[in-house]
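What follows is subunit A paired twice: with subunit B in the first complex and subunit C in the second.
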Partner chain A sequence: MIEYLAFAAIFGLLLLGLHRKVIARVQTRPGPPVWQEILHALKFSFKSTWVPKTASATLYVGVVLVGIGIWSAALFIVLAGESILILFAIYMLHKVVEHGFGLSSGSPYGKFGGVRSVISAASEIPLFVTIAAIYLFTGSLLLSDITAYQAVHGPFLLIAPPVAIAMYLVILSKMPYGPFSIVESKELVSGYKTEHFGVWRAGISVIDGLKTFVLLYAFVAIFIGAVPFSLALVIMTVILVSLSFVCAVTPMLSPFDSVTIQGLITGAMLAYVGYLWWVMP
Partner chain B sequence: MPEIGGSDLFVLEFGDILHYYTPYTTTLFVLALIFTALAILSRPEGQVDIAFGGDAYYAKETAVSEMRFRRFMTIACGLATMGAMGSGDIFNFTLFASLVGITNVGIVAAVKSRHVLDAAYEYGIVAMVATLPLFGGAALILATTGTLSIPALAAGASAVPLIGKALLALGVIGEGMAPFYAAKAEMFRAPGAPYVIMCSLSSLLIFLRVVEIAITI
Partner chain C sequence: MKRKTVSLGLAASAAVIVAAWGLLAAGLIPLWAAETAIVIAFPALVIFLGLWWRAPGGEEDIPFIGY
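So, the complex of A and B:
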């Protein structure tokens, strides 16, 4: 069990390192080595650690454990083929974790990172549109049923491409250095992460690694279907490189524009699902 | 009953009213419980603010009397949220959802900041108006099917009108989800992180629950 968690966290961090590398090469910079994020996590694990004087100590520490807990649960839900509704609930609750990171320290930078996380709540709604669309086809939200449906009818990527695009945008909105990364933009230092250092920051790295792995693996399972694990890892890497290209060539949007564009995507997806509901028998 | 959130782990019966816990609702319940426990155990942070126009900064302290009242409202909000997570009855769910709206205002009501209180007042109006579709949706479902029991509705004896489900979801969204959360986001500027977080968590959890209810029935 622990080996799955360790593999997912390390592979996720490797993907995030590759993300930085690809962005750098597209922008004609050498960039850090691909294992840089793993080195960061190890380095922070051995740095001196304490709790800031102004922080709400229990919450400051507790929210790191909650973050690791929810993404560990998400990993096992995906691997066990359980309900994707739980997976997406965890994705939405990650926002509360970000909020907790930001507010618990008392730092204004963290606070504004947390508030930005809350105002970008519109980015989560396409997730439920994805769920609704998939339910219209399969009549079930168990991942095992969804992959079984695709084994008979073909991948959802071809059956309902707009739904796949919606989830791709949802993952894009959680990628660092992307157009929607307003929660950790540089004018807020590191946004909600600013005041978490030492072991707490290593915990955030583990959360980021697990989150990246789970979201990409879920995308493969939901839209491509059951594939051998090694092939799934290759497909996840390809999807990540495509996300890195988008992040490399797109400037970060202002908070207002970010929320507006996410709102428009949500509206378009609602219209698509309304159309599906109307035409499907 | 369709197993949207997995099969039942535990059913708690109160006569003909029951609470049921699937892996999905249990996950939501446990998260509400964890954050309620964190609110009980944590002391508020000393929120640091920058004094614009200079290089000074100051820390806001939360008075003990204010902290006690806000912690009480947070615990009430946590309990209402936990109730809504397991409820197998739509009427009980709507009551818990409206209680979440009231306690959310209460969590920031003791904060001595005009800006935060203005935001809380605006949010209170939106949440109050949202109870109309919330209870209206439940009333429509009751009038059409004769029951508000989720397992009975899921059994499919009579079709639940789509407008009933839509109004129910709209009512919950009005309690603090996009796009009605604009005023609520301003409430999050208030100091007292362990309490303020419950405002966003509770809205999120009741939204996640109403999605499950709407698909199930």
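So, the complex of A and C:
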């Protein structure tokens, strides 16, 4: 099982490297090599490391451990075909982790990143709408039941495309350099990550790698269904490239606009689920 | 953190993962128990491994907190 974690972290970091490469090419820059994020993780792990004087040491170190732990658990949940409710509960815990990163260091940049993480909670609400819509069709939230339903009725991507779009936007909100990436925008240096350096930052890279892999793999399982693992990896890469195009051509929104747009999307999704609930037998 | 403490932490987390792997392969523990052990030990392994091979030096500092 440790091999699953290692593979997911490395493949996720490769996807994030590809993300940077595609954004750069769209913007007519050469961009870093695809394996740059893996090199980053290794580089940070070899650097001098300490805890800043202003930091709350327990929280400062603890959030790194919790972050890796929750996404490791999320990977096992997805691979085992367990409930997406647990998966999305873990996703919500990541919000607490981001907040903890920002507040633990004592740096104002980190704190602002943590505060922005809280105000951007609107980006998570479409997740609940996704869960509700899928339950209306399947009557179950087990990933194994959802894939079984799709084996009979076809992929949810075609059955309920607005729900897939909502989940796509949730993943987009977690991608770096995207329109909703206000928690780590450049006016805050690196946002909530600013004061986590050295080994702690390498830990954040592992979190990012696992998170990217789990979210994309969950998207494939929930909206396309059970496919061979190698095909799932290809589909995940295609989805990521589409996200990279969106990030490359979209400016980062101001925090207020980001939350407003996410709120409007949530409202539209609630209306769609209400419509489904009304028309479905 | 002292080098000895880091080495012990690294060895302990690696031992938990190997034990969970071995016990699962032998059918002595269920899958969820092995996964729980790995979810707890894997973050510690990552951090202790980094601390074990990090560059020496560096003291506590105060980050830039504004003018």
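Brief remarks follow.
Just so we're on the same page, the second predicted complex is superposed on the first by the 281 of 281 C-alpha atoms of A that agree within 3 Å, B and C clash if a C-alpha of one lies under 4 Å from a C-alpha of the other, contacts with A are read in each partner's own complex, and residues count from 1 in each chain.
FYI, a contact is a pair of C-beta atoms (placed from the backbone, for glycine too) under 8 Å apart; a residue touches a chain by one contact, two chains touch by 3 or more.
Quantities reported herein were computed from a predicted structural model and do not represent experimental measurements.
Within the superposed three-chain model, A:53 lies in touch with subunit B and with subunit C [touch as defined at top]. With both complexes placed on chain A, subunit A has more residues touched by B than by the other of subunit B and subunit C.
In the superposition on chain A, A:203 contacts subunit C only, with no contact to subunit B.
When the two structures are aligned on the shared chain, A:64 is found in touch with subunit C, with no touch to subunit B.
When the two complexes are overlaid on their common chain A, residue A:108 makes contact with subunit B and with subunit C alike. Of the two partner chains, subunit B is the only one touched by A:85; subunit C is not. Shared-chain residue A:1: touches subunit C; no touch with subunit B.
By the touch criterion stated above, A:73 is placed in contact with subunit B and with subunit C alike.
Applying the stated contact rule after C-alpha superposition, one finds that A:153 touches neither subunit B nor subunit C.
Looking at subunit A, you'll find residues 53-54, 66, 73, 105-108 touch subunit B in one structure and subunit C in the other.
In the complex of the two chains, the subunit A residues touching subunit B come out as 53-60, 62-63, 66, 70, 73, 82-83, 85-86, 89-90, 92-93, 95-96, 99-100, 103-108, 111, 114-115, 118-119, 121-122, 124-125, 128, 131-132, 135, 139-142, 263, 266. Those residues of subunit B that touch subunit A in the complex are listed here as 2-6, 23-24, 27-28, 31, 34-35, 38, 41-50, 59, 177-179, 181-182, 184-185, 188-189, 191, 193-194, 196-197, 200-201, 204, 207-208, 211-212, 215. On the subunit C side of its complex with subunit A, the touching residues are 17, 20-21, 24, 31, 34-35, 38-40, 42-44, 46-47, 49-51, 53-66.
Across the interface of their complex, subunit C is touched by residues 1-2, 5, 44-54, 61, 64-69, 72-73, 76, 80, 105-108, 194-195, 198-200, 202-203, 206 of subunit A.
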